[in-house]
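The same chain A turns up in both complexes below, where it pairs with chain B and then with chain C.
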Partner chain A sequence: MIFEKRTERIIVPMFFMVALFAPLFLESNSFFVGKVTTIIILSIFVMSLDFLVGRVGLITLGHALFYGMGGYLFVILSPEYEAVNFWVYTLYICSISALIALVTGAMILRTKGVYFLMITLALSQMMFYYFFDSLEYGGGDGMFIFVRPETSIFGLSFLDLDDPQHFYYLALFSLFNTLVFFKVVLRSRFGRVVEAAKQNPDRTEALGYNIFAFRLTCYVIGSALGAYAGFLFALQFGFVNPSFFTWEMSGMALVMSILGGSGTIYGAILGTFTYEGLQYFFEHLTKEWLLFMGSAIILMVILLRKGIAGYLEKLLEK
Partner chain B sequence: MINDIVLETEALSKHWGGIKAVDEVSLQFRDRLLHGVVGPNGAGKSTLLNMLCGTLKPTSGCVFHKGQRIDALKPWKFVQRGIGRSFQKTNIYPEMTCLENCAISAQRRFGGNFNLFVSRHSNKLVRKAAEQALAQVGLEDRTHAIAAEISYGEQRQLEIAMVLAIDPCILLLDEPMAGMGHDESLRIIELLKELKKTYCIVLVEHDMDAIFELSDQLTVLDNGRHLITSSVDEVRADPRVKDAYLGAEDEEEQTA
Partner chain C sequence: MQTILRTPKSAAISLGNSMTTELFFVQLINGIQYGLLLFLIASGLTLVFGVMGILNLAHGSMYMVGAYLVWYFFGVTGSFTVSAVLSALIALALGILIERVLIQRLYNRNHLDQVLLTIGMIFVFNSLQSILFGNDPYGVAVPDALSGSIPFTDNSSYPIYRIFAALICVAIAGLLYYVVSHTRLGMLIRAGESNREMVEALGVNIKVLYTTVFALGVMLAAGSGIIASPMSSIVPGMGESVLITCFVVVVIGGLGSIKGAFVGALLVGLVSTFSAVLLPSISNMIIYISMILVLLVKPQGLCAK
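Here is the complex of A and B:
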């Protein structure tokens, strides 16, 4: 069983059951289907960040680099007025992002702690300004995606990405796969070393592990999935722009993962939904919603030391 | 051949600025013998040990393992060559079970460390090796206890079990009896007597009775310099050693 905690075994099926059937009661093109799709895509991004920050111990402020990469790579690689295959491009985008992560990671993973934080931040800011000033990629306005990819596998097509409901299910399916994937990886023998290296890096090295190689592998995995989330986001809204790369994006994802329960993986879903839910609520309440939002987050972080998932575990784990 | 030289240092030095923590120390460590290393505080024992296991790079001089120079290698390469170390300050994975602690050290040599998809519990060999290491130090009944929750003495035993689980040929033990009670120390002494039949052991220890009892060969360091390496009896009789170390301690006891 990859879900070792009781809380996971309750929360995860509950969430996916509700998410699976909720759109059936809503109109296909209703606002909420789109909104929840966005939150689900963000959850994938936050989950990949939580893996890096909470499980591997790589506290990065530049995860948005890959979020942006996912979107921009699609626009750069695909022909402008022709539908390409979604699965093939997913493979392209994830592999290229993984390669970027491999090269940058090999350099920046030699730094630790706050230096790593600064360098990841610098890298993502570099890309932000590169695309912001680039003429061929639309500068600050970004670029439009005119045709969404088609999703046929061996000639069989059962998903139409122009249909919001279909897109919703694609996002949900991706989120589920991401969750299971991370759980499997963390349960493996590879995951055991990663866990050990986070708890006690010196000892792990003294036991004969090249922890740099393990961290780099994790960085590549997390980055590729972060890029996948960016790719989905770009497809949903049909555009990319440099705001994908901003450090606010990285910072917000970090807040979401901490809110949900750092290192719990499934907590990323809880954190993202709570954050977005609160934001939606306060936005419609008042113009000064950021004030309330900030206060609410400070309160939650103080009261729920280990995030929402940590609180639920305290209630359910006995 | 029995009692071959497996580990050797040649004019090994470590300088911290102007301080010579270890100064031109040349030693030979033979298989299936226990080498005690003693010396007053600050004599450079731990620094020496850290260089033998690769965590510290020497300022000058060399370390040889079975005739091959290894001092420039990364620390994990030392382990892959069968040089394992324990730590003076208990250095375990406090949130994991004792079995998991040993499994981490055992699984390296069975491969599959980069296999992302197979469950960590699926390999029977890893589990067996981990259980065996726990049994060797007498922690069988603590297999599923969380490492932070067992007694201090047991944590010290776990520390040794973790080194054994990597299946080393050379054990570098940094004060395995530090802070232990009398009975617990006796247990470790018995264990080490058993272990030295199969391993080359380098033991740094403050417990003089223990080290006199265990050592086949005893090295005394003083202020980073190598004073003498000889049998226990010869070391005890040597006047220089008395001056540097034992004498000082006697005076302390008299004034105390």
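Here is the complex of A and C:
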């Protein structure tokens, strides 16, 4: 069983069951389907960040670099008025992002702690300014995606990305796969070494493992999945702009992952839904929603020691 | 939101637009003045991190608080000095309050919880700013006594207030140096940086020390906001842009090192003012490029212990 904790075995199936059937009771193009799709896509992004921050111990404030890359790579690579194949481009985007992560990671993983945090922030800020100042890629306005990709595999097509409901299921399917993928990776021998390296780097190194290589691999994996989330987000809204790269984006994802329960992986879903749910609630309640949002975050960090997942685990585990 | 604390490109009124000796000196003064201001903000950040191990992301918000308060009191009292003193006192009280009510609960938690808490504080302060003062940009008039310009050469001059601001920054930096290296409080600060448990074991009330240091950090940030207010516009989001620049400064210098913050601030100040003239196409990026270069050579910053 890849889900080790009782809480996961209760929460995860419950979430996916509700998520699977909920849209059947809603109109296909209703507001909620779109909103929840966005939150699901964000959950993928937050989950990939939680893997890096909570499990590998790479506290980055520049994860948005890959979120933006996912969107921009698609716009840059694909022809403007022609539907390309979704799966092929997913492969392209993830591999190129992985390559970028490999090169940058090899340079920056030498730094540790706050210095790593700052250098990742610097990289994403640089990309922000690069695209913000570029005339070729639309500057601060960004660029539109005019045609969504088609999704046929060997000539068989069962998903239409222009249909919000289909897009919703694609996002949900991706979230599920991401979750299972991370769980499998973390339970493997590889994942055990990563865990050991986080807890005690010196001893793990002494056992003969090359920690740097393990961390770099994780950085590449997490970044590629972060880029995939950015790609999906760009497809859902049909545009990319430099705001994808902002440190606020990285910071918000970090907030969501800590809120959900850092290092729990499934907590990313809880954190993202809680954050977005609260924001939606407060936004409709008052113009000054930010005050309530900030206060809610402060209260939660003081009251919940290990995020929402930690709280649920305290209730549900024996 | 993504505007760097305004670099004083327009400070000098210069008719020649090539990089003449004259323009070079004007930019040099601009760079030093901007760097000194950055140092003042960054010193609080690095002090709090060095002594308490807390990465205060809301540090930029304190800068914003200082600027908005001085604008508000200036409107009420009409005197810059009075408003500056009032704002600084409120900032001090705010620092003590925040440390006592919030920060103190998180000393035994990990850094991530502190990040989350201080991001929550950014939200609260931004929202309070919008509720209390609205979202229009404001400006504070330069005090009358300091409003003139010093003629520089035949066709350029330099505003007196900027020179005054630079001198104030130097004075505060000197005071800070004196406090840290020659007083009992400074001794405790240095001791707290190197060995927390030992300081506590020797009978020092570490809680009071932490509250003092945090309040001092808030005072430095708010004080910079007060000093900067006549030179830059007071706008929503000004805290965040300053925060990021300050992080770059303290990381270049080496986190926790006040000397490092000084070196880093001058470097960032000079690099960003000169690049605005010489390399306008990458001037936004240049401080990040400098930081990456520094970290690739010295992964712990320039003045790492």
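The criterion applied here is as follows: the second predicted complex is superposed on the first by the 318 of 318 C-alpha atoms of A that agree within 3 Å, B and C clash if a C-alpha of one lies under 4 Å from a C-alpha of the other, contacts with A are read in each partner's own complex, and residues count from 1 in each chain.
Simple rule for what comes next: contacts are C-beta pairs under 8 Å (C-beta built on N, C-alpha and C of every residue); 3 or more make two chains touch, one makes a residue touch a chain.
All values reported here derive from a predicted model rather than from experimental measurement.
**Q** After lining up the shared chain so the two structures overlap, which partner does A:258 touch, if you call chain B first and chain C second: first, second, both or neither?
**A** second
**Q** Does chain B (first) or chain C (second) touch A:74, or do both, or does neither?
**A** Neither partner.
**Q** Which chain, chain B or chain C, ends up touching more residues of chain A in the combined arrangement?
**A** Higher number of touched chain A residues: C.
**Q** For A:190, decide between first (touching chain B), second (touching chain C), both and neither.
**A** Once the two structures are laid over each other on A, A:190 reaches chain B alone.
**Q** Of the two partner chains, chain B (first) and chain C (second), which one does A:247 touch, if any: first, second, both, or neither?
**A** The answer is second: A:247 touches chain C but not chain B.
**Q** Quick one: is A:210 in contact with chain B, with chain C, with both, or with neither? Answer first, second, both or neither.
**A** The first partner, chain B, only.
**Q** Scan A:202 for contacts with chain B and chain C and give back first, second, both or neither.
**A** Only chain B; A:202 stays clear of chain C.
**Q** Touching A:311 in the superposition: chain B (first), chain C (second), both, neither?
**A** neither
**Q** In the superposed arrangement, which partner chain does A:59 touch: chain B (first), chain C (second), both, or neither?
**A** Touch status of A:59: second partner only.
**Q** Can you give me the overlap between the chain B contact set and the chain C contact set on chain A?
**A** On chain A, the chain B and chain C contacts do not overlap at all.
**Q** What does chain B use to touch chain A in their complex?
**A** Against chain A, the touching part of chain B is residues 53, 55, 74-76, 78-80, 84-85, 87, 91-96, 100, 103-105, 107-108, 112-120, 123, 126, 162, 166.
**Q** Residues of chain C touching chain A in their complex?
**A** 1-2, 49, 55, 57, 102, 105-106, 109, 111-113, 115-117, 119-128, 130-131, 240, 244, 247-248, 251, 255, 281, 284-285, 288-289, 291-292, 295-296, 299-301
**Q** Quick check on the complex: what are the chain A residues that touch chain C?
**A** Residues 53, 59, 107-108, 110-112, 114-115, 118-119, 121-123, 125-126, 128-130, 132-133, 246-248, 251, 254-255, 258-259, 262, 288, 290-291, 293-298, 301-302, 305.
**Q** Using the touch rule from the top, collect the residues of chain A that touch chain B in their complex.
**A** Per the touch definition, chain A meets chain B at residues 184-185, 187-193, 195-196, 199-200, 202-210, 213, 217, 221.
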